[in-house]
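Across the two complexes that follow, chain A remains constant while its partner is chain B and subsequently chain C.
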Partner chain A sequence: MNRESPLENTTPSIRLRGVGKSFGGVSVLRNVDLDIPPGVIHGLVGENGAGKSTLGKIIGGYYSISEGSMEAFGESADPWTPKDALDRGVAIMHQELQLVPELTVAENVFLGIEDHRLGVLSGTEAERLMPIIKATGFEVDPSAKVADLSIADRQKIEVMRALARSAKVIVMDEPTSSLSANETQKLHETMQKLRASGGTVVYVSHFLDNILEVCDSVTILRDGDLVRTAPRENESKDTLVSAMLGGGRSEISFPEKSRLKERRTALEVRSLSSANGTRDASFHVDRGEIVGLIGLVGGGRTEILRAVIGADKSTGGDVLVHGEPYPNRSIAESNRRGIVMVPEDRRKLGLIMTMAVRTNLTLPHLPSFATPLGRILAAAEKSKARDAIDHFQVKPSDVDGDILNYSGGNQQKVLLAKWLLRDPEIVILDEPSRGVDVGARRRIHEAIAELASKGAAVLLVSSELEEVLGLAHRAYLVANGGVFDEFAPEGKTEVDVLRSLFRLQQQPPEARAP
Partner chain B sequence: MKNLFFKLQSYPLAWIVLVACLIALTISALSPYFLTVNNFSNLMKQVSIVAILAAGQSIVIISGGIDLSVGSVLALTAVTIGWLVQNGVSPEIATVCGVAVGTFAGFLNGVIIAKGKIPPFIATLGMLGIARGVALVITGGVSYQVLTPLFLFIGNGKLFGLPIPIYFVIVAYAATHFMLSRSKFGRHVYAIGGDESVSRLEGINVDGRKIAIYALSGFFSAVAAVVMVGRLASTPPNVAFGIELQAIAAVIIGGISFAGGRGIVLTSFVGALIMAMITNGLNILGVSSFWQQVLIGIVIIAAVWVDNIKSARRR
Partner chain C sequence: MSWDRYRVARFFQTYSVLVMIAALVLAMSLLSDSFLTYRNILNILNQNAPLAIMASAMTLVIIGGGFDLSVGASFAVAGVCAAWVALNVDPYIGLLVAPLVGLALGAINGIVITSLNVHSFLATIATSLVFKGAAIVVSDGRLIPVRLDDFTWLGRGKIGGVFIAVIVMVVFALILSFVLKRTTLGRKIFSVGGNEEAAVLSGIRTDRVKIATFAIAGLAAGLAAAISVSRISMGQASAGTGMELQAIAAVILGGTSIYGGVGAVWRSVAGVLLLALINNGFNILNADPFFRDLTTGIVILGAIGISVAGRPR
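Right after this comes the complex of A and B.
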């Protein structure tokens, strides 16, 4: 970005040089150089997991950088905690809002910077809020309790909170994901007002139309690398999408797709709805078939899976297993019927990190290794665990190794091995290869293909389009908790799929016919 | 030396036994009376009640919870036995009824925690007051004599030269160790303590398991009460006041992680033994009991400190 004009203040608000970030050895951001000048709205775009949120959080002080250096307003940003960032005029608005629900709007906005006399609050927050409300045009009651407000209103409070701290740079991480079109428009006007008064907005978003509408410049990330930073005039939706996906991505070969001769439906979901956001979802999976659900993060993919298996209560619709209705679903009952779910996030949902490999592998299957009175048959358990470790090539191959010490890829193999231990008939996979190295990923893909060739029905959710297109026989698009647009992956490119997905996500749910 | 220290991290039982031996050697070097058969037998009798409570407490702590009510449940069980014997019920039946009452109190803890979603600290703090209060209400604050042959045997009898309470301890630890290391239930205890939400996704009946865990802790309190009644030959309603903290301390000193999910129950026995040895040893050496409390406090903190150093190495 060499557009320095002698008339402007040329010190960038934020300057990153060679910035990298890794979590537990997995690199999520590499060698990022970026200058964000004052008085602009700067967009960050990329696929799921490209590193745009991570970059936003680094600027806001929520993540420390693993490599490289950062400057804010020309001075070194080290140390750079959220408090340092706020003191220096950099605020962040989170995807997950961080407000105190029992306090009022005004109290939340001025939390930590209240007027006080010797520690006794003056209670002037509501008055102090009025100018900010006027400036933004937000319609919120300053004395309303945050717990009673909608998500969209809470987001406005986050914006006002940043303004109340006279932030000069505000990072907004997916701020419009729960706003209506009208509210999004209001937020964009607010951004423009901020820019007019010399402020800078870093706008992280999936919604490319929004980015193109309001940003001055855009940075595109792909797999943790910065592809390019360009003025908005040079970009269109097409150029953004192709840059996000990348042309010359190394081709990974996938195992061959086999089909069973006889097609029989194993799992059928009819108009399923659940309290946590699944809306009227219908789809089916045949025996021996891998079916992908493709959607953006927050599109409701995981919620659909949880409603199918019985981790969340459904509020309507039916699930049929081999043609028989399966009401009152629960995880334990699903496991008994040979339906298993391999959850995403192995550390939080998949494995018990205090236990060994063997005990993790057999935990959901203990009844088949135990006497009716509950004594575990150690020899049988050990040999089954041994088989699973060998089959998935888990390394180190010690049966009683401490799972905490294993690499992410090997933990993921253990997680899959656990749920596939007793040859389930219906397998639900949520991000089966997230954050693992190439070798482990290949072994996982082989295992999934093998599973289907042996007759299991596989429902696959993955943020990596390439993986779904490479493995699945059929796929559906998912947006706003609903399932749409069944298609066969053959002949489809990632660009095609992503385009239709962005189109779906853009429409409000009620305007769309399933 | 440093290497040996870190090797021992994978053998928590060996580690704590080593510490216990070092303490025993130090005290016996200072006083010839410590390592005598008579004193040892005495020590085992002293340690038995806290040790039995610590076995139940270990299950609770490994499952990620805590049980503050064990002392009060012990007292409730004791006065139930005393009151029934006083009213002409046979000591055997009174014991069965008392143990049932203690187990029921633990069961209630479990129901409140699992179904009422009340944190274990709060629920059992409530039960600490309720059980002690009921014990006082039943007796009106009076202590009953229970000089029956059964309780005299439990309190003062010997079998193969060893005092009877020791056998209670052996059975309690053998059963608990087997249960935790070899049974489905035990595996679920570790799983729930390691990660409750993952355990639910595994299809484990977490609520049911929790109820069983606290009922078991109530059962162990009741068994400890039987030993207590035997030793005292009476049932004062204020018996075992504050003993829950000793039981928790024994578990912690032994090395079971307070965060849950890890640990071996046998270490809790050694933890209880270490506390008893310090008290007993300092008594023999003529150190004031006030200083004993200070020392035990230091031991508790030091035990967790060492544990932190060991687990920092693990990562």
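Right after this comes the complex of A and C.
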């Protein structure tokens, strides 16, 4: 382990100049200038999608930069792969820990850098681990199997793994999202020990209290732009939240909210729980109403949607559709009853990238374009598909084009069109406008508003607060898999909502499954 | 730019097998007079009809994201069952039994794969051993000769100068082509192989789709066995060994993606033809068989390379 203290020299550990990053033409980070000095804990904060995680991954070598330059310890960081980063003393701890569960703590720490003679392991890992344990003060058994350890202990292993490779900078990306308050406290102590021994921690988190508790300095990002970098003493929760949201962000206008005269409950969820983390969730959506679920990433929003539609098994509670109980839910049965879910992540969950626009559009509705024996009626299918892409203004407007060749915004329109093809009565939308340009977003918002005005019940999840407040008639807050605090968006500012959300999220999850 | 690369790769995936066949036919006709004759071409088709039937069905399995390494063993079981029934019951029923036995074995494969949720590669290696053992039990480890005209017509007979086996093969391939392109089942097979998670979220019962593809592969193995046993008028438990690999090779030669989601039946038949032409060419030219395997192997490697290049990211 490198025990040299770099405190004397003033070269920053990490220096970014004009750094930008785009994915497939969509810019997610722009013109970032940042110096992170040695021996500090530096926080990165921002809303969902502001670019904080991207910035962390750039520092760790997981993403290459599209523009600008980066230096590590005063030397150019180019090329900068995860291996380059590690060789030069920069390690990243992932949200999903990457450990081998069947190996011991010591074996995991020295994975890939074991002592060996001609490939035969010397088995000295446990001894080599002792100085690291001593330096960090971690209480872990070097011979314990990783599979038997808690998540907090596993994070310690990740930290030690970085130290075993002489890391001087460790990027931690949302390390506390699955930790209890007690475990979070321990991780913070770990960070402070690292700092005391001259190390630098880049702490990416949406838990503002955590950031304020341990960080020496904070960088705030908003929509891919760096708002400011400031010492911790200058910041409070209020200043952070205001900076994260920005002042006049009203360039997007939303379609008018219409209301049906008669209010009838279309979807009612009572005390729904599921194995995937939904806990005692209750809410309802009326016909013609758009209801938002607002929560942080990892707060259990998607899991609630999946339990409602029947993508995941529920373990308790009821779902009522138009007042009738709907037990034993499945996607196919929901689809048959006019309940559809537009999933997040169009490439992974929404569309089949090897197929054409037309075949993607009609996939859930095949029986209505086929004879009872299953022969597809090509003309009927084609004309319905053409109507759908005309309605959503998909470009290019070729129904037989490969979906792979369409832009993100147009793919997203196709995804929406796919689920709205047969005028469903209950529509569940998970991040309906993620990663699309302004024009496509506008068209998608219109489609959602139109859907409600025609009498559909819409349940909307979006990481963009502005979108939920702009579209929804009512909204609920979601945290730790539960649904809380119903409110009307009128008159609410994003700051208000975010503040309540951070308060909710901060409450310790009592009944969390082990 | 990546789109262009994707399009080029897609084009090669689709048509390279035809280009290779054309080149081979041209070269062979220049090198030998006995190659491009009606008789030789019809013989090639006839000899390879069983393999083409199996490769057609294997296409559906692979497009659906699976692999079936047990079709050679299913072929053996169906073959000995057909011979046994033909000898002990009735030759026509014997011919009918083979596809039904194959269908049942294929369905078992599908059910094992979906209920245990294991990769089809693994499951069908195991079931192929079970099936091979069953074939030995049925035949009692002996050859079952069936010298009956009522049994051998399928493999040897002709209608209007064309072998019945070739007609069966063409009809079967056309039916599977229709299923794949024009029916809901075919559409579902493409979706399961293209993105299983998205297919599940689209309300597709993916398990049923997978079971269907393996059942069809089994049916095809049984049909191929009926033709083959009828042709040599002999049921034997060791028949069909290695046919699963030839069928998979033909499918990949035809440009069907080994990652699933992309492919067509006619191209697998063309793949069988390409393999057969290489074989036939070596026979006609009297070339060293060592170079035959070498050539076939290199051609298959090239096809896999093209398949990988076209993988969507």
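We take it that the second predicted complex is superposed on the first by the 495 of 514 C-alpha atoms of A that agree within 3 Å, B and C clash if a C-alpha of one lies under 4 Å from a C-alpha of the other, contacts with A are read in each partner's own complex, and residues count from 1 in each chain.
The rule we apply is simple: contacts are C-beta pairs under 8 Å (C-beta built on N, C-alpha and C of every residue); 3 or more make two chains touch, one makes a residue touch a chain.
As the structure is a computational prediction, the values presented were derived from the model and not from experiment.
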Room on chain A for both chain B and chain C (clash or fit): clash
First, second, both or neither for A:332, with chain B first and chain C second: both
Partner chain in contact with A:479 - chain B first, chain C second, else both or neither: neither
Chain A positions touched by chain B in one structure and by chain C in the second: 311, 330-332, 334-335, 341, 343, 348-355, 359, 363-364, 366-367, 370, 374-376, 378, 402, 404-405
Chain A partner contacts - residues on chain B that touch it in the complex: 182-185, 187-188, 190-191, 193-195, 197-205, 257, 260-262, 314-315
Of all residues in chain A, those that touch chain C in their complex: 311, 330-332, 334-335, 341, 343, 348-355, 359, 363-364, 366-367, 370, 374-376, 378, 402, 404-405, 418
Residues of chain A that touch chain B when the two form their complex: 311, 330-332, 334-335, 341, 343, 348-355, 359, 363-364, 366-367, 370, 374-376, 378, 402, 404-405
Chain C - residues contacting chain A, complex: 3, 6, 10, 182-185, 187-188, 190-191, 193-195, 197-205, 257, 260-262, 312
